[in-house]
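You will see two complexes here that share chain A, one where it goes with chain B and one where it goes with chain C.
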Partner chain A sequence: MGRAVRDTHWLKGLRRAWRASPRRLRFGVFVLGAFALAALAADFLAPYDPAMQDREHFHAPPATLYWMDQKGEWSWRPYIYRSRLEDRIEMIYREDRTQAFSLKFFVAREEYRLLGVLPCRVKLFGVDAPARIFLFGSDGLGRDVLSRLLYGARVSLSIAAAALLISFPLAIGIGSLAGYYGGAVDFVCMRAVELFLALPAFYLIIALSSALPRDVAPEARAASIMAMIALFGWASLARIVRGMVLGLRERDFVASARAAGCTDWRILRRHVWPQIAGLMLVQAALAAPGFMLAEVTLSYLGLGVQEPLPSWGGMLATGQNVLALTGFWWTLAPGAAILFVCFGFHMLADGLREALDPRAASLDWGD
Partner chain B sequence: MERRKKHRTKGTKGTNGTSGTKGKFLAGLVCFIAPAIVLLAVWPAALPSISEGAANAQGSRARAGGRLVASKSAAPQTFNRLFATDEPTTSMTEPLVGHLVKINRQTQLPEPELAESWRVSPDGRRITFTLRRGVRFSDGQPFTADDVVFTFAVINDPNVAAPSADIFNIQGQRIQVEKVDALTVAFTLPVPYAGGVRLFDGPPILPRHILEPAWRAGRLRQEWGLGAAPERVVGLGPFKIKSYVPGQRLVLGRNEHYWKRSATGTRLPYLDELVFVIDRDRNTQLLKFQRGETDVLSPVNADDLAVLRPVERQGRIRIFDLGPSMIREVFWFNQHPGQRGGRPIVDPVKLAWFRETKFRQAVSSAIDRAAIVNLVFAGRAAEQYGFLSAGDRVWHNPNVPKFAYDPARARQLLEQAGFRYQGAQLLDAQGREVAFTLTTNAGNALRAKMSALIQADLAKVGMKVTLQAVEAQALLSRLGEGGDYEACLLAIVSGDADPTSHQNALLSRGSGHWWHPAQRQPATPWEARIDQLMQRQMGALNTAARKRLFNEVQSILGEQQPFIFLAARNLIVGAASDLGNLRPALLPDFLLWNCDEIYRR
Partner chain C sequence: MWRIVIRRLLALAPLLLAVALGAFLLVRLAPGDFLSELSLNPQVSPETVAAMRERYGLDLPWYEQFGRWLSRAVRGDLGYSLACHCAVAGQIAVHVFQTTVLAAAGLGLALAAALPLGVWSVWKRSRMLDRAITAGVSILLAWPTFLWALGALLLAAGTGWFPIGGISSIENEKYSTAEKFIDLLHHLALPAAVVALKQAPHYLQTLRAGLAEAMVEDHIRAARARGVAESRLLVRHALRNAINPLLTMFGQGVGALLSGTFIVETVLSWPGIGSLAVGSLLARDLDMLVACLLYAAILLAMGNLLADLMLAAADPRIRRPQRG
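Moving on, here comes the complex of A and B:
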C-alpha cells in the first residue's frame, strides 16, 4: 500500500483516466492489444508456415466455409472444398464438390515453440491433407495470406515498437538536456535537431537501406531498417520536450527542489519528467503509425524487409498492378491491417490526450 | 524475292577461313547488335514470329486515312534515329527513316528497301548495293548514293560517336564505302561475314543536303534535338514529324514523298497520323488500351490478359500470342576470379562452388521451371534450357542437354562434387554452409516472384539464398565491371536472329559474357572451344555449316550451365481490331515494324 501511495502521480492519473476512460482510449488499447497478441501467437494462429508455397493454388480466393451440407442440412462444423485452377488467364478456381474437408480446431502439426519457448504441436485450426485452407486467400506464389499477415505483423509492429523504444529515450534525453541546462548545451542540441529535421529523412533512409551489405540476413536487415527509422524519428519530439522542460524549469516546485539541494538528475526524474509523461505518451502513440508506415513504404519499394520474411509492406508490393485491385483484392489484406493499426494508434493517442488533458477538471495533476 | 535468292546463292560460294581479325570484327559487330543483348528491365524486347495471317488482307480492302495511337514509357531523347539508344526513342524515330535493307521481322531475313538489290563478292568481303531509282526525302529532295556515302562518313567519324559505329569499326579500321555511280554503292568489310547484309538494317540513311553543314560544324548531335523544327527533320521513312509536345505527345504525319506502294499501287503509308503518347506508368498504358484510348499495346504481360480478355470478347481488340519470345530469363553465378581494390570480387570459397560444373548443373536441376512458367507468366511462356529460345526459328537447337526439375538428381550431383548434407543444410567439402545472395533488378514484379520461387527451390536442396534487389542501372554497371554480386537473375534479349549477334555474350572477351566478362584468355577449355566455334561460324558463309557450329555452341552451354536459363515468355501484343495488315513479329518493333502498311478499316 505504501508503495502505491508513493507511486508517481502520473501513474495514478493514468489509472484514473482508465477508469474515467474515454471510450476511444479503450478502443485503441483493445485494437492494438489484439494485433500484438495475434503477432505473438502467430505460430499458433497461423495455419501454415509463411514461406510455404502451394504452387497449385496461387492467387486462390479466400476459402468459402460451408455450414450446410449438400442436402441442405446444417453441418455441426463448417467445411470447405478443394479447388482446382480452371482458367489460368482469368484465374478462375472451381471447387471440387465430391469431397468435403471439415475445418478442425486444435490440430496437430509439426512441433514449434510458442512465443519462442513453449514446445507446442497444436495449431488453432486446419483441414486434413491434401486440402489446404486459405481463409484469406493465397498470394501469387501460393502462400497463405492469413499466415503471412500474422507473421508479417511481428515484423511490422516490432519495427514500430522498437523504433519507438530507441527514438523516445533519445528524444527525451536530448530534449531535457537542452531545455534544462539551456545556453551552449541548448544551442548545440537544437542545432543537431534542426539538422535532422532538415534532412529529407525518407530519401536518406532509402539511400541507407540500399547501401546495406548484400548478404545480410533478412532479420538483420529488418533490424537495421528499424535503427534507421529510429535515427530519424527523434528530432521533432526532442524539440517538443525541450520546450516543455524549458517551461517547467522555471516553475516553483522545481526551484524549491533545487533549493532543497536535489541533484539535477533527481529533479529531472522526480519533478520534470512526470510532468511531461502524459504528453510524451500521446506523442508516442502518434509517432508509432509513422514508424510503421516508414517500414511499409520501404518494403513496398522493395528496399525494406526481404523475402522470405513476410512484412505488410512487402505483401502490399505485390499489389502494385491493376489486377490486384480488380482480381486479387485479398492480397491487399495488409492494407486493411495497416488501416486498423493506425486507427488504433490514433484512437489511443486521442484517448490519452483527452484523459491527460490538464484542463480536464476531473484530473488531478498532483502539483 | 529473286534478289534475295541471288544474294544468298552468291553468299554460299564464299570461303570460310577463320582469322583473328575476323574475330575482332565480330566483336565489333556485336556491339552494334549489342543493345541486342540488353537487360530487360521493364521493356521486353522481342523477336520474330508469325502473324495470324493478318497480313494478307493487303491491298484491295485497305483504306487510306485515320490515325494510330500508341503509348510509350518515356519521352524521346532525340529525333535523330542515328543517336537513339533506348527503346522508346528508337521506336518513335524509326518510322522517320529508311534503311538500305530491312529485316523482315516475320521471316527474320533481309529484304530490299532503299537498295533494290545487292551482290556479295565471292570472298564475302565486298557488298555492292544498287539503289532504288526515284526515291525522295520527305522534303522532296532526291535520294542518291551521296546520301549513303555521307551517312557512312558520319558513322565512321569518331567525333560523332554514333552508337552504331562500333559494328562498322574493325581493329580501328572502318568499313570502307565507295560510290560507284549515282545509284550504286559498294562496301568493303575487312573480313568475310556471312550475315553482313543484315547490318544495313541498322543505320538510317541521313539527308546529306540537310545535315552536312551541321556535321562539318561538329553540331550534328544538336541538329535534330528535341527543339528542332519539325520540317527540318527530313528522312526516307513513311512518316515525318508533325508536332511534339515535350513529355506528352509526338505526332507523326504521312510523308507524301514516301517511295513504297502497295500491291495495288496505292501510295503508302495508309495512315495519316501515327501518334505516340508518353505514359510512364505501365498500368496507365494498360488501362488506356483497355478503354480504347490507344490502339496498340506491345508487349502485353500475361497478367494483363485477365484485364484485356473481356475487351477482346467484345471484339474491340485482338490479342496475338506469338509464342516464345527471344527474351530469356536467366540466372547465373559470378565466376570472376579477379580482385578489385585488393579484395577478391567473389569470396574464394564461393567462387570454387560457382566454378564447379556439377554445382551449376545441380542448381539447374533444382529449379522448378514449370512453376515459373505457371506462376510468373500465367502459363504464357516456355521452359527454357538452352541458350536460344524456340522463337529463334532458324538457329535454335532443340537437342541441348536438359537439367529438368529433379531435386534428387540435384542432391546426387552435389554429392558427386564433394558436397554433403548435415540435416537439411548443404555443406561443402570443408564443412562450410552453402549460402549465397541472388541479385536482381528492383521494382520488377516478375523477377521478384521468380527469385522467391528459386529461393524456395534451392532451400529444398539445402542452399540458403538471400535475395537482393538493386536498381536496374546500378545493377547493369555492376555487371559490366564483372563484380560485386554472387548470383544474378535477369533476362537476355536478342536484338537479331543471327549467331553473330550473340558474340558479345558468348566470346570469352565479350563484355556481355556476364559470368566472367572481358577475359584476356579463355578461363576454361570449354570457353576456348566456344570462342573457336563462334569465330568459325562467323567466317562460314554456308548456313548449314554455321548451324552445325552454332548447335555445338548451344550444346556446350547446355552442358556447362554458365547461364542457367529459366523461361522464355511468350511475346503477346494487342491491337485494336479495326487495324489491318498487322504482322506482329518477335523482332522489334513487334507491332509497328511495318507501320507503312497498317491501315484502319
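Moving on, here comes the complex of A and C:
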C-alpha cells in the first residue's frame, strides 16, 4: 500500500489508503475508535461518578425521553420525569408527572481533568438537581449503568490493549529468535511455546488470580490481571512468527543483506519484520477480543477487577442472579458493548486481511 | 502410531509434575486456606481447627506438603476435600466425565450442523446461500462464547423451557433410566448448544474451503468425466480430502474447546471440572484445586493427542512419518 504513494505527503497517502481500504476495515476502525474515544472521554460523557450510589434509585429502569409535552406539542428539547420507587418489594417505579426536567447539554458540574490533564467542569448532559437521569438504568446499588459502562470501558479496554502490547512484542521477539537463529535457540523457544500451549490457560489464570493479595488497590489488581492474561497470550503467536521468519530467512534478500554485512538486528528490523508486519496486525486484531474476554470472564466470576473499579465483566456479574437477569435486563448493557467491540475487531482483522491479500478474501469456486 | 502415543504420554509426565508444583505453590501463595475460613466460624473451636490443621498437614512447610501430596498422588490418592468432605479422586472423576460429556456433545452438535450444511452449500452453488453462510459464519466467529452463555441463561430464565443450570432435576432419584437420560439431555441442551455455536463456524468455514479446493482438483474432474454423479463426487471423493483440514482444525481447537467448556460451565453452572475449579478456589480447597488444574492439563493433552491420532488415521502420509 505504502509503496505506490511514496512521493506524496504521508497524510495524503494515508487518506488514499483509507479510501481504497475494504469497507469492513473502515467499519472496524470506526467502531473501535468510537469505543476508545468514549473510554478516553468518559469523564465528559458520563453524567455521574461510576461509584456514586443512590438508595432511592436502585434497579431503576432506563429513563424515557419525552419529545412531546402533555398537550401533544413538540418540545424543543427532550425531557424526563422524575421516577420514584413506588413499591420496594415488587420494584415498581412510577414517574412523577407533575414536574418535567428537561435534558440539558454541557452542564456545569464539579471540576475534573479531561484526559487527565485539561481542567474542565462541563459534562455532556445532565438534568437539574432533584431529578437524576439514568439513560441506561441503574444497577442494584443505584449506580448509573451508562456511567459505569463508560468508565468500565476504560478498564476493560485498557487491560486488553496493555495485554496485547506486552504479549505481542514478546511473541514477535521469541518467534523471531527461534525462526532466525534456529538450532538450540529454536529448540528452547519452541519447548517453552509448547509448554504454554499445553497448559489450560483459563484454569491457571484463575489460580494465579487467587494468589494475588486481596488487599491491594483495585488498580494494582487490574494491572496484575493484565499481566497474567499477557503471560498466556503470546505462545500461539510466537509459533506463527517463527514459521514465517523461518521461511523468510532463506530468501535471497536476506542472504544479500547478510552478504552486505548487515547485523542480525538490522536484517530483522529492516528486512524480516516489515514482511510479516501486516499479518501480525491481523493476528493482533484476531487475538484482541480474547484478551478482553479473559478479563470479562474473570471479573464476572469475581476473580478479576474488584469493586469499586467498574469493569464490563464485573457489571455483568449481576447476571449471575437469575432474577436480576430477567427483571433488570438493562444491567446487561456491557454485553452489548462487548459484542460491538468483538465485531469491531473481527471486521478490522477481516478487512486488514483483505487489504493485504485481496485474492484470499473470498471463497473462489473456480468456475 | 503407537510410538507417537507413548512418546506423548511420556512427555506428559514432566508437564503434569510442573502443573502440580505450580498449582501447589500458587495455592500456598494465596492468602488463607480452608481452615482459616473455618476458624471464623464461632461454633468451631480454635483447638479443633489446630487439630485439623495438623491432621491434614497444613501446618507443614510447602515442600513437605508437596512431597506428601506427590507420594500419595502417584498411588492414585489425590487427597481429601475439606469443602465437600469426600475423597478428591472420586469427585474429580465425576466432574471430568461431565466436562467430557459437555465437550463431546458440543462437538457432536457442531459437526452435525456443520457437515451437512457445508456439503449442501457447496452442492447448491448458489451465490445467495454462499453470501448468507459467509455472513452467518462471520457473525458467529465474532460472537464470544461468554455472551452466548449469558444469552442461554437469559433464555432459560425468561422462557422456562430449559432448566437453569445443573445436570439433573431434583426428582432425578425417582426417575427410571430412560427418564434420567431424557432429563440429562434436557439439562445438556443449552450448554452443549453454546459450546457448539463457537465450534461450528470454524468447522463450516474450513469444510467449505476444503471442499471448494478439492472440487477443482484433477481427480475430481476425472471422476466427473467418468460420469460419477455430482452428489457422490462431493460426498465420496471431495469430502475425504476436505476432512483433513477439518481434523487439523479440531486439533488446534482443543484448547479453545476446553476454555469454551470452562466458560459454559461457570456461567451455566454445569458441574464440570471448570466450575469445580472455581468453586474449590473460592472455598480455598487446596487438594481439589490442584487436582482440577492437573486434570485440566490432562484433558487438554488427551484432546491434542486424540486430534493427532485422528489425523494420522485419516491421512496415511502422517501415519508413516518421514524422518528429517
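Going forward, the second predicted complex is superposed on the first by the 339 of 367 C-alpha atoms of A that agree within 3 Å, B and C clash if a C-alpha of one lies under 4 Å from a C-alpha of the other, contacts with A are read in each partner's own complex, and residues count from 1 in each chain.
We take it that contacts are C-beta pairs under 8 Å (C-beta built on N, C-alpha and C of every residue); 3 or more make two chains touch, one makes a residue touch a chain.
If you're wondering where the values come from, they're calculated on a predicted model, not measured in any experiment.
A.B. asks: Sticking to the clash and touch definitions up top, decide whether chain B and chain C on chain A clash or fit.
C.D. replies: The answer is clash.
A.B. asks: So in the superposed three-chain picture, is A:F58 touching just chain B, just chain C, both, or none of them (first/second/both/neither)?
C.D. replies: A:F58 contacts chain B only, not chain C.
A.B. asks: Answer with first, second, both or neither: which of chain B and chain C does A:M91 touch in the superposed model?
C.D. replies: A:M91: touches chain B, not chain C.
A.B. asks: Can A:A223 be said to touch chain B (first), chain C (second), both, or neither?
C.D. replies: The answer is neither, since A:A223 touches no partner chain.
A.B. asks: Chain B or chain C: which reaches more residues on chain A?
C.D. replies: Touched residues of chain A are more numerous for C.
A.B. asks: Between chain B (first) and chain C (second), which, if any, makes contact with A:V322: first, second, both or neither?
C.D. replies: A:V322 sits against chain B and chain C alike.
A.B. asks: Regarding the shared-chain residue A:S210, is it in contact with chain B (first), chain C (second), both, or neither?
C.D. replies: A:S210: touches chain B and chain C.
A.B. asks: With the two structures laid over each other on chain A, which partner does A:L135 touch: chain B (first), chain C (second), both, or neither?
C.D. replies: It touches nothing on chain B or chain C.
A.B. asks: Let me test your reading of the model: by the given contact rule, A:L124 touches which partner, first (chain B), second (chain C), both or neither?
C.D. replies: A:L124 sits against neither chain B nor chain C.
A.B. asks: Classify the contacts of A:L303 with the two partner chains as first (chain B alone), second (chain C alone), both, or neither.
C.D. replies: Both partners, chain B and chain C.
A.B. asks: For the superposed three-chain model, which listed region of chain C (37-45, 55-63 or 91-99) is the one that clashes with chain B?
C.D. replies: Stretch 37-45 of chain C has C-alpha atoms clashing with chain B.
A.B. asks: Across the two complexes, what residues of chain A are contacted by chain B and by chain C?
C.D. replies: 210, 214, 301-303, 322-323, 326
A.B. asks: For a test of understanding, state which residues of chain C touch chain A in their complex under the given definition.
C.D. replies: Against chain A, the touching part of chain C is residues 15, 18-19, 22-23, 26-27, 29-31, 125, 130, 134, 138-139, 141-147, 150, 153-154, 157-158, 164, 208-209, 212, 215-216, 255, 258-259, 262-263, 266-267, 274, 277-278, 281-282, 289, 292-293, 296-297, 299-301, 304.
A.B. asks: Residue numbers of chain B touching chain A in their complex, please.
C.D. replies: It is residues 282-283, 286-287, 302-307, 309, 368, 371, 374-375, 378-379, 435-437, 439, 442-443, 445, 448-449, 451-453, 455-456, 466-471, 484-486 of chain B that touch chain A.
A.B. asks: Enumerate the contact residues on chain A facing chain B in the complex.
C.D. replies: Within the complex, chain A touches chain B at residues 51, 53, 55, 58, 88-91, 140-142, 210, 214-218, 301-303, 306-308, 317-318, 320-323, 326-327.
A.B. asks: Going by the contact rule set out above, which residues of chain A touch chain C in the complex?
C.D. replies: Chain A reaches chain C through residues 195, 197-204, 206-208, 210-214, 289, 293, 296-297, 300-303, 316, 319, 322-323, 325-326, 329, 332, 335, 338-339, 342-343, 345-347, 350, 362-367.
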